[in-house]
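In the two complexes that follow, chain A is the common piece, with chain B as its partner first and chain C second.
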Partner chain A sequence: MKNRPGRTGFRFQSRRVPLPLVIEAEGLGRRFGARTVLEGVSIGVRQGEVFGVVGPDGAGKTTLLQILAGILRPSFGACRVLGEDVRRRADRVQAKVGYMSQGFSLYDQLTVAENISFAAGIRDVPKAAFAARKTQLLNMAGLERFEARREGALSGGMRKKLALCANLIHEPPLLILDEPSLGVDPLSRRELWRMLEGAKAAGRSIIFATSYMDEADGSDRVLLLRDGRPLAIGSPAELRTSARQRVYRVTTADPTALENQLTDSAAVLSFQKRTLGEYRVQLSEAAQPHFPAAKTAEIAEPTMEDVFTVASAPLGRSSSPSAASQNRAPSSEILVAAQAITQRFGDFVAVDDVSLEIKAGEVLGLLGPNGAGKTTLIRILCGLLSPTEGRAQVAGFDVARQSDQVRATIGYVSQKFSLFTDLTSQENLSFFTRAYGVAPAEVTSRIAWACERAGFHLGEEGLVRNLSSALRQRLALACAIVHRPRVLFLDEPTSGVDPLSRFRFWRLISTLAAEGVAVIVSTHYLEEATYCDRLGLMMDGRMIALGSLAMLEAELGLKGARVEDVFMGFIDRERKKLTRAA
Partner chain B sequence: MLGRIAGLVGKEFSQMLRDPVMLFLIFWLTTAEVAMCTMAVGMDVKNLKLGLIDNDRTEISRAFTRELISADTFIQSGAFASEREAEAGLRKGVLDAVVEIPPDFGARVAAGRQTSVGVVVDGSNADVASRARAYIIEMTSRFAGERSMGSMPMRAGVQPAVRVWYNPSLTNTNFIALAMIAQAGFMLAVILPAAGMVREKQNGTLEQIRVTPIRAHEMFIGKILPPVIISTGAMLPSLLVARVLNVPVSGSVVTFLALNLVFLLSAVSIGVFVATVTSTLQQALLTSFFGLFPLLFLSGSVTPIESMPQWLQIGAEASPLRHGIAIVTGLFLKGAGMDELWPHAAALAAIGVPLFALSWFLFRRQW
Partner chain C sequence: MKPARMFAFARKEVLEIIRDPITVWIALFMPLMMLFLFGVALSFDVKDAPLVIVDHDKSAASRALSAQFLNTGYFRLADAPEDERVAEHALMQGKARAVLVIPPNFGRRLTQGETAPVQFLVDGTYASTAAIVSAYGRAIMHAFPKGTLDLPIQPQVRVWYNPQLRSRDFIVPGLFAVILMAFPPLLTALAVTREKELGTIAQIYASPLTKAEFVIAKLLPYAAIAFLQLLIVLAGGFLLFQVPMHGSLALLIALGLIYVLTTVSIGLLVSTLVRTQVAAMLVTLILTLMPSFLFSGFIYPIFTMPTFFQGYSARIPTMYFVNISRGIVMRGAGLPELWTNVAVLVVYTAVVLILATLLLKKRIA
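Take a look at the complex of A and B:
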């Protein structure tokens, strides 16, 4: 074994007796056809460690975990898992590890008990040990009462916990978990992590992937991945230390002036508006920044998101759009108007009596938990769904009856990426340009304009399926604006995109709004709310609050509050109202 | 509107040409499979293995044997001394039929007296058996006729004079090849629009298209035109394969293309119908296949329509494939034109137009 010392980057993590390595990977990578999705990953995971692989969608997390589980052959590099070579002894690796794939991987037609028995049966769990282990696992997962229920009838969180039980029944020394908390409600997420802590206490090693940066804090060490390449590796504390002095908390009395200075500064990687007068700024190098409009500027403790932004800076292209026209003032022209819209699906009320108005040049952010009705509302305003009750007009046309005219004036980027992945970027752009009836003579100039506005470089040829998630997002935006729409609908456009790309995407949206486009955008990243002129908070289909952040703060009697506090404040108020009514 | 449809059609072709698996499958279905089916499924009975028990061993019995194996229906595979020996061959399957010639065969034939030969046929494949039986009976009576000619005066009776037209060699290859070409075109025209539409539904691109000014009818045309063009185009290599297999491909190409359009109308309608009732590619493909099977059975290419029960014959008339095959064989085997084929064309229109209207209605409702 060419086990040279200092090969792995964690030697400084001194333990008195170094525990054996369960994963040793050197220069690991994978290619699919001509496309390299993962390269240069060198990690070492010790027994009993919780190791997080953190990155946005398309970073190569799943590929890495599949290689470690022995179900995908690496194209480059060497890797041993639990002492077995993943290339030559893939069968042994597969038999030893517990691998939980993304999504739901159990049999929805079988009951909870049957799924567990099946998992135990195929893993040769001894009969004598099975009963005790099953009881213990199901108790820990809080599933003991549901043994007879079909897996498909459980909630998403319960299904994930059951999948974890099925992977723990053969007591594997190493657990490989691909985005275990994806689509899981916060409570189940906490229980899932408690189960994992139990597994860790029992001496098992855990490697998991996540796109939630904050989940990384729960692990012993973290690998940050972006576009298939490792950005950084280390314990959360070490990573934060590396980003220290590059993250600042800046307060101001003149937000507009400060924003312009931040945008113009070459040293600023990205910034987020935390409250009305408070910004968080990430810098490309550790140096005391100077912003004339700032009242105070102090070093802030970096979060994992900050670490990711700072670490991915050298890779990112600095293609921020012209910042000249960022000062926008919504005009008085109302482009979207909805009156008492209600949408029912059977007994279920997806949108409940929602009214709103949006002016040209205004950005309205729709916030709310999953299932609050944001997507349904957007689909109604786009003319994709006819509302059960109420009316809506876009640019003066009725969305239900004049949907042809409506469609010619709007652009729509759906939650799920929905361009043709088997065509090139150029072909997608041409298709949508023609679909919107742009005159043939104008097609080329229109595509060039749309790409410039969307920050997309058309030089990048090849099929769309090979683009990174951030590039796809910009291409989708370009395709949605080739016809110069007056209203732009964006349904969770930034989910699964890394923080720096998200920041740049929002700058593009601001530029479009400054040109007079009305923008409606839904998001579940609460901090993104600060980029919007007005916010609509939705819950159970109802619009529980609508107005600018300052207005909403005032309504709750708060001052200097974060978006989270405002959001939670309104949800609490709504819940209290409901309980009083009941 | 034309620009938008052109954009949709162009996009479909780019996607199709980008998909090597799909291209290979189309090519495979219309060439290799047509050739294989033609050669394998041919219903001709050839090279059957005949066992002989010649108890006579005269010049006449040998002449009779030569007569039996003169055409390529039978080849002689062994002579046996007794029926029991020959039986073993039948059981093992090394023989398909056994002919036993009685000891006084030559003498009786020479004297113009009645005689008989024993024939045992392996009946496990009824089709082969009935043909073998009919062939032996025919050859025997022909032999008897020729031999008695000189010594006996012609008896009064009706002698059939059968001539076979359009397919003088009475081989099945011609029919099977042409039926297979029609089937391949039909399958493509069902599966391509079904798969193409469901894929857009699944990927969410349909929704993206719905927010553009593209109207339902433009999308509908944009989705069915490429499959029609591809299915028609795919028939050309098929016809080339048919040529190679010595199938007479004569007849007007213009008539063929015109009638082909009517024929494929039903196919694309079924494809769209499948796409509107399914939501994943897998469901769409399975539904298409299960829908295609009965149409295939009722088309007359597997079993002759004349031998189906009455009520199924009526059903067969409703299968577009049945008329499509009738048109293709009529056109290429008989050199028929519109004058003869219009009933089939009318039947296709009668089936296709309501199907088309139904699929449009369902598509419009889902839009």
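Take a look at the complex of A and C:
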């Protein structure tokens, strides 16, 4: 491995002599009990390289990075980091690298300056060098004015930048960063990456994990991980080349017909609705597709998201749901009706004067940034919270006064997994079936029905905590529908799930809607909006737009816009309204 | 070992402690609260025990005996029925701790120089109280001024160290040991497991800080807090409860310093074994507080325990500081009398610290 020149790692450099390897991993893997969370990872990262580990939640990214930082012992394989064996000389690896764990890894009770000097103190930064480095790093991070502020009082983006400063203070040759931009606003994300550019320019190697496919584009090379196994490795350009001719831009005048054809075609791995008449399609092999309902079908330049979908195709279990009729037309029966709902928590208005109606067979998507009030609205409609003002009926029952009846007629999949992780899938299903009062004679058939509808195969035994996040998601859906609810609430059901599994999940939801279930879904993946019949855009507790994508586009006077544009358009309009009012 | 790294780590720990109101609260208020509760509420002294007197004699002598009982302050009259059955009922109901039955002719027999038996019934459901009540009863009757009760042997019993047998004087020095075993290990174990739960420990793992440096840098700030707690409970004991001090306060404080190192080390050891704060709390309580109450000699004397449990008590450091504390406070003992206890604590601390360092894994799993 050592002698092979780094074919892919030097897009910006042209050197004859290959730079030394900072990471050499061969067949690396890790087992927790009986569960193998990482397997067969072989990578070589060269000095100065920016290396991305890309994959959805539960792909094994954190495990890999922890092994590389010397704080987790590998179960299989061999690995040297900065020339030290991670098994035998873990202490040296720990001392040399900069490791930034997921989430917030600093002390929230300590100030910015105290956190930095703590990091410097335990990492042997010479006193003489400390002051200059600290000033330089804090300036770069834009934190120099906040030295005396407690870390806990900073914004998420600032906390992440500070954590990066704490990991740069000892000038490590290798930075290991676990999802550095998770939960960080776009502006801070850009600043974070500018700091990393600086570190790269200073000759540091960087290995980072991310679930944002677009971040992979900024790296020299990328490892795609899924379910603990490597899918592909290479530069973003190489990976794109491998997916070329398998990604198409398809336009149509008849969206419903095209969607049916795309759903039925075995060659289609996944598709996303980009605008009203435009779709992006990923195919299982490079071949000119034939869709009678398509007006045009042209090869599109693959994005990393496409690459991931294409690369994970061979792994994807062929569990795509029976293609039930996707020809659904919402009936006239109104199942959910909310009138001027307001929810206050003290001074804070979580939901502000929201009214909406949802018919049987309709899918309503709630979109909005964190804290927009999506979860609170869903909780009110589920009868879990009594609104401060306003009224709402679900299937004819008042959510405040008849919450017991409401809860019996709805299914609810919450943001966090609501399953019992120490029970098996079968035990979870039995529990929920009985808890909803299904007659004992019907239990078996109901479970079978729910699993079929949720695309979950009950053969997959073992404790729920050992299931992948995509499987858990389907099991949670199965548990939520065993009592045949008329209204289904899904609170960010697809967060952290890989693109292909997300696509399959949406097909399941469509099938349920086609059977007359009213579905309310919140999501922060904007592209998922195209699967919904209508969209509700929320901001600061208010419903700033409500209607089909076409209607919303027309309202803004846009044509062929992406969901992001529509969303940003309404947010802009709302902000302008507010500034005018003020 | 690099002092600079340890200093940085210990400094961070101190800052965190100072800024966390809950830690400050547990550290400063809870020990005082425990001292106050146990010091006030826990007492083996018998005062105003309800006594039922059945006087069949009704003579001057019988009245004098009754008065003798009630004047001591140890008993109060609950009832004075004519019938023994009423008295027995009172005993059964728990309304009386003891019954004194004075037979007819008590006064006459006394004046004639005959033996005059009286019946003294004691409720034995609370064994220790019963023993005290019956001893009080016997003492009062012995002291009853009548020449005919002469005993062949006249023992000159003197109680040393706590002549009034005030149980507070005996409980409070024991409490010092129990309180310092209750809170410092808990705080320490919680501090480390909190870092594990929040994930901040990962950046300490991924640093040059060695295991020994970690252990020492965690130990010192919490030992300082524990030392502060020692001073607080000592002040509470001597100033609030007016427990008399017969020995050297300086010696007590010096040996207390060794003891708090022991207790904080136990907390550190626990924190290397568990991952969550809940587990840390449970394990610490089971390992420290529970045996401290039962097997340290704090309440229940060790020499009355079966041999096996005497051996068990010897594994609990609380016992040694109970010995030290009571020795200094009550008997005025010095190092020559207490050195074995001190030696055990020192060895104990060293073993626990070495174990904690060895068991600490600078790894996630």
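The criterion applied here is as follows: the second predicted complex is superposed on the first by the 566 of 582 C-alpha atoms of A that agree within 3 Å, B and C clash if a C-alpha of one lies under 4 Å from a C-alpha of the other, contacts with A are read in each partner's own complex, and residues count from 1 in each chain.
The rule we apply is simple: contacts are C-beta pairs under 8 Å (C-beta built on N, C-alpha and C of every residue); 3 or more make two chains touch, one makes a residue touch a chain.
Just so you know, these numbers come straight off a predicted model, no measurement behind them.
By the touch criterion defined above, A:R504 reaches neither chain B nor chain C.
Of the two partner chains, neither chain B nor chain C is touched by A:R204. Within the superposed three-chain model, A:Y99 lies in touch with chain C and out of touch with chain B [touch as defined at top]. In the superposition on chain A, A:G383 contacts chain B only, with no contact to chain C. When the two structures are aligned on the shared chain, A:A69 is found in touch with chain C, with no touch to chain B. By the touch criterion defined above, A:I122 lies against chain C but remains apart from chain B after alignment on the C-alpha atoms of chain A. With both complexes superposed, C is the one of chain B and chain C in contact with more chain A residues. Applying the stated contact rule after C-alpha superposition, one finds that A:F431 touches chain B and leaves chain C untouched. Touched by chain B in one complex and by chain C in the other is not one residue of chain A. Across the complex, chain A meets chain B through its residues 382-384, 404, 407-408, 410-412, 414, 416-423, 427, 430-432, 434-437, 440, 463, 479. Those residues of chain C lying in contact with chain A across their complex are 2, 4-5, 7-9, 11-12, 15-16, 19-20, 198-200, 202-210, 362-365. For chain B in complex with chain A, the touching residues are 3-4, 6-8, 10-11, 14-15, 18-19, 203-205, 207-215.
Put simply, chain A touches chain C in their complex at residues 32, 66, 69-73, 90-91, 94-95, 97-107, 109-110, 114, 117-124, 150, 166-167, 176.
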